[in-house]
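What follows is a set of notes on a single structure, which appears directly below.
Here the chain labels run A, B, C, D, E and F in written order, and each chain numbers its own residues starting at 1.
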Amino acid sequence: MDSVKAFFHMGGYALYVWGSFGVTALLMVAEPVALARQRKAMIRRLRRLIRLESEYSS
Amino acid sequence: MFDVFFAILRRDLLLAMRRRTDVFTTLFFFVIVVSLFPLGIGPELNTLRLIAPGVFWVAALLASMLALEKLFLVDYQDGALEQMLLAPQPLSLLVLGKVAAHWLITGLPLVLLSPLLGLQYDLPGETIEVLLLTLLLGTPALSLIGSIGAALTLGLRGGGVLVSLLVLPLYIPVLIFGAGAVEAQASGLGGGGHLFMLGAMGLAALVVAPLATSAALRVSAE
Amino acid sequence: MFDVFFAILRRDLLLAMRRRTDVFTTLFFFVIVVSLFPLGIGPELNTLRLIAPGVFWVAALLASMLALEKLFLVDYQDGALEQMLLAPQPLSLLVLGKVAAHWLITGLPLVLLSPLLGLQYDLPGETIEVLLLTLLLGTPALSLIGSIGAALTLGLRGGGVLVSLLVLPLYIPVLIFGAGAVEAQASGLGGGGHLFMLGAMGLAALVVAPLATSAALRVSAE
Amino acid sequence: MLEVVNLQCTRGDRRLFSGVAFQLEPGELLHLHGHNGSGKTTLMRALCGLVTPTQGEIRWKGAPIRRQREEYHAELLYLGHKNGIKDDLTGVENLRAACRLAGTPISEKEAWAVLEKLGLRGHEDLPSRVLSQGQQKRVALARLLVSRAPLWLLDEPFVGLDAAAVELLQSVVRDHVEEGGLVVLTTHQEVALTSGRVKRLRLGWKKDGHV
Amino acid sequence: MLEVVNLQCTRGDRRLFSGVAFQLEPGELLHLHGHNGSGKTTLMRALCGLVTPTQGEIRWKGAPIRRQREEYHAELLYLGHKNGIKDDLTGVENLRAACRLAGTPISEKEAWAVLEKLGLRGHEDLPSRVLSQGQQKRVALARLLVSRAPLWLLDEPFVGLDAAAVELLQSVVRDHVEEGGLVVLTTHQEVALTSGRVKRLRLGWKKDGHV
Amino acid sequence: MSSRILNWFKFASPATFYPLAGTIGRAAAAVAVVLLAVGLYMSFFVAPTDYKQGEGYRIIFVHVPAAWMSMFIYVVMAFWAATGLVFRTRLSFMMARALAPTGALMTFIALWTGAFWGKPMWGAWWVWDARLTSELILFFLYVGYIALQGAIPDVRRGDRAGAILLLVGVVNIPIIYFSVKWWNTLHQGASVSITKGSSMAAVMLETMLIMTFAFWAYAIAVAMARVRLIILERERDTRWVSELPEVAG
């Protein structure tokens, strides 16, 4: 228990260490998530385009 | 009555959305100017802390001035201004709408970012607070005052210098009280009086500028 | 071979003569920025003398950048740029002509005025001399580098602010050596090394910028 | 309704025209013509109130237009050489913004319908910047189809339009006049304007056919 | 002389035209037509080398124009929608600057004479800003009268001109073709172009007369 | 030779590159996850406490990889820009475009973690040190590139304009670095330079390298995902896109 506490305390540097690692982790998770969402939106758009195209030509 | 205000506000915000870079670029201009000074002056933190209020305010003034140049120019060139002059509502409301949109696009982001930049100059917390407050009060005044100049420069091909000469004296009080408030706070005197003056100037500008600008626009578009 | 260089130089100088405001506005902007600082910072001469080189150089840089926006814009809007692209001579010569005219109109007056402003900051004679020299060497480099940014952002809305975003990072070495030389001189170290670097950068810009700018113009005008 | 009395306009030190007078009633069209530089555009802008004439007066419903600017503007639609199209907005947005500004907002659906009528199908949601010369002009002209203003001032509306669009525009103008509207129009092209009441006014000092 | 092979141009994600091919020899005129937005301007700009086609090639005297840009430009005169007139220069200065840039300088006297021919007498020394739409166009067109370039590319040169100026311009074009020049021209107005060899090329997907 | 070039051009075609990018991206993502797990474990549990900086120094394990990547990615972008301009391959421009946000992100992380390191070490969030300043300018260069691309609606123009900017920028980076350094060292004195005194323990070095490779793999994975998006966007009218399983199915 103590060791967990000590671990998060980081010898008094908690704000700085976790501030750095935290933001880095946040950004490096956010970027792939954003990309995945963009990809989904793109595929939805492509499907709509294809549907429109087939309606148009028929 | 306020239809035209919202109509123009909406149109201009839409235009800005279309070109999100507009927002970011004014912002980054501000950031860059603020960051340039240490490069020109040297990295010593004591000197930097001393000149910080002046630098921030001059940078805000320049950013606002630069951005204002285009306030009416595009509308003038593509003929939209003629249509605005022909709108069946008071022109000053319309002008107010344009200025409001302009401040939201170029002024507000700059204000919001300034605390972060304050750290670059190693400013203490309270000073940063006062800086934020003065910018929030002062930049709308700058936009309003500047709109007069922007309207005048549209037509007066020969008198551009004269116009900036006329507008600058109006900018200077804002600069002095704005930077002064921050400095007073930093030196422990409290910036209350300065802030009050800044607010009063903003109100005055709100009343006078739209009228003056509409008159100037009518002249310039002839 | 150099016909087109002189043709464009002559045309642009004529245009500037016709519309003298362009000359004055840049100059005036420079004067304003330099004079605003004492207002923002406070009147203490020691501080002022300390920051003078930085302020002068930042002001020159901003003034030069401000003027850049119009370097190709008007030609683009009225179709003259298309004609320039269709001229039967190397485009980079033509670009060089335009940049030269631009510097003569906006850069040179500013350089010539700086000694006078130096007195405002209570600078000693030799410092002023070095300041003049650095500006004389540095501002052409600024114009050259800036032309790349102006060409890249041609016709984009918000181009004026975007150009500053693109160009300022490239300006920084010039700023550092320019202000550095003056400071070195002021602190008795002698600014020779800095001046040499400044000249070298000018030469490099002279080679690279016209090529990059013409490539950018061809892309932008498509 | 629209009454012009002894109008004189001066640009620089050149007197463009003087003693211009006419009267336009509902259901009438005025075709303004004259050689290049004869002052047609200037007269048009004076009729809007954008240019102040050096002499004479323009009256709308009996009162000088200077005195009733907002009321007059509400009943007026002006389309000039420059078409007031925002480069970065799409055709639909441009049309809606212009209508909102004129005090007669329209719905998005209406806007799409109108633009389709003008042959811009498939281009409604492109920024106007990428539209061709003629397509931009069409977007500007779309306002005519939704306008409720009685007085139209059209400065060279046919410029840059292809034959089909010219045809369409002519019929729109014709309908407006037949429904009791007033139109002032300049054009160099000889177009069969309306079957209705057409007045003609000639400006300029050169004989026809002389350069 | 001018040879276009299988040309395709794309703007944005729209293919404007493809498979365009023609050949133009001295003494021939190509009349480009098509509805608004069909790609006439784009084709013109591609012919100048201002727009890079996505497919195909343009050859001048047998060689691709990309390879001989300067030589080609020396033999080419392009006048587009925008006329390249500097607002602050007078007509004379504009004309002389344009000629100097094109590598064929003319004297001040010549410039005055040419502008007078174009009906700008009394306006030669006004800044172009104050000229009317049509007068500005005339200043731009003045280059045709002094040009020695064999290939002319004219994008809607008749726009905004009055009847007399249209007449004059037509005769200038006719003379150029008869003297062995090449002309590519777009216009919506139906104008009797020349008695000489006129080719026609139609762009676009809409049937004639449809909006 | 010519067949080699032909081969290269084959992969330069978006249609063939699209599935390849998918494969590379997935592999890189897997590598990144594994390396990150190992690297983080080592950062916190294996690497010993620094005798001078205490636990605070552990920031180095994200700071330095991010700083290295930020510079490296810009050079890679410039490389793609050059190949795009020379060989006129569309794919090169797309690669440059796809890398930019990741590069900006890495620069931002370097700045952020640097600031969070600077506060306990130097007592200030920011000082105008040569390295810091040039990293800040690099950030501006990235933002400028992204803003330029955002401002140009036409992709072909955007591609080439961006490429020119990248090439000019890459020429300037060493100039910026040395000018800042010279400016700074001439009359600084007071400010602290980065402590290299404590010779880094071998474990630390290993950890840092592992984290660097993890960031590298991450950048590749993300860039590949983004380039696939760009390809779809640009090729949306083509047949092969409409026949892709994820689109058609």
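Everything that follows uses one rule, which is that a residue touches a chain if its C-beta (ideal position, glycine included) is under 8 Å from a C-beta of that chain, and two chains touch if they have at least 3 such contacts.
Note that the coordinates shown come from a computational prediction; the quantities given were computed from them, not determined experimentally.
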item	value
Path length in steps (a step moves to a chain that is touched) from subunit A to subunit B	2
Chain whose mean Cα position lies farthest from subunit E	A
Copies subunit C and subunit B - interface residue numbers shared by over half, same or different	same
Most widely separated chain from subunit F, with each centre as the mean of CA atoms	D
Between subunit A and subunit C, centroid-to-centroid distance (C-alpha), Å	43
Between subunit B and subunit C, centroid-to-centroid distance (C-alpha), Å	25
Inter-chain centre distance, subunit A versus subunit E - centres from mean C-alpha coordinates, in Å	54
Length of the line joining the C-alpha centres of subunit B and subunit F, rounded to whole Å	36
Residues of subunit D engaged with two or more neighbouring chains	81, 87-88, 127, 130
For subunit B, residues that touch 2 or more chains besides their own	19, 21, 25, 28, 32, 39, 42, 74, 77, 157
For subunit F, residues contacting two or more additional chains	140, 143, 147, 151, 154, 156, 180, 183, 187, 236
Partner subunit D, residues of subunit B touching it in the complex	3-4, 7-8, 10-11, 14-15, 18-19, 74, 77-80, 82-90, 221-222
Parts of subunit B lying in touch with subunit C, wherever the complex brings them together	19, 21-22, 25-26, 28-29, 32-33, 36-37, 39-42, 47, 50-51, 53-55, 57-58, 61-62, 66-67, 69-70, 74, 77, 157-161, 164-165, 168, 172, 175-176, 179, 183
Residue numbers on subunit E that touch subunit C, as the complex places them	48-52, 70-71, 73-74, 76, 78, 80-89, 93, 97-98, 100-103, 105, 127
Complex contacts: residues of subunit B adjacent to subunit F	19-21, 24-25, 28, 32, 35, 38-39, 42-45, 48, 119-120, 122
Contacting residues of subunit A [partner subunit F, same complex]	7, 10-13, 15-17, 19-21, 23-24, 27-28, 31-32, 35-36, 38-39, 42-43, 45-47, 49-50, 53
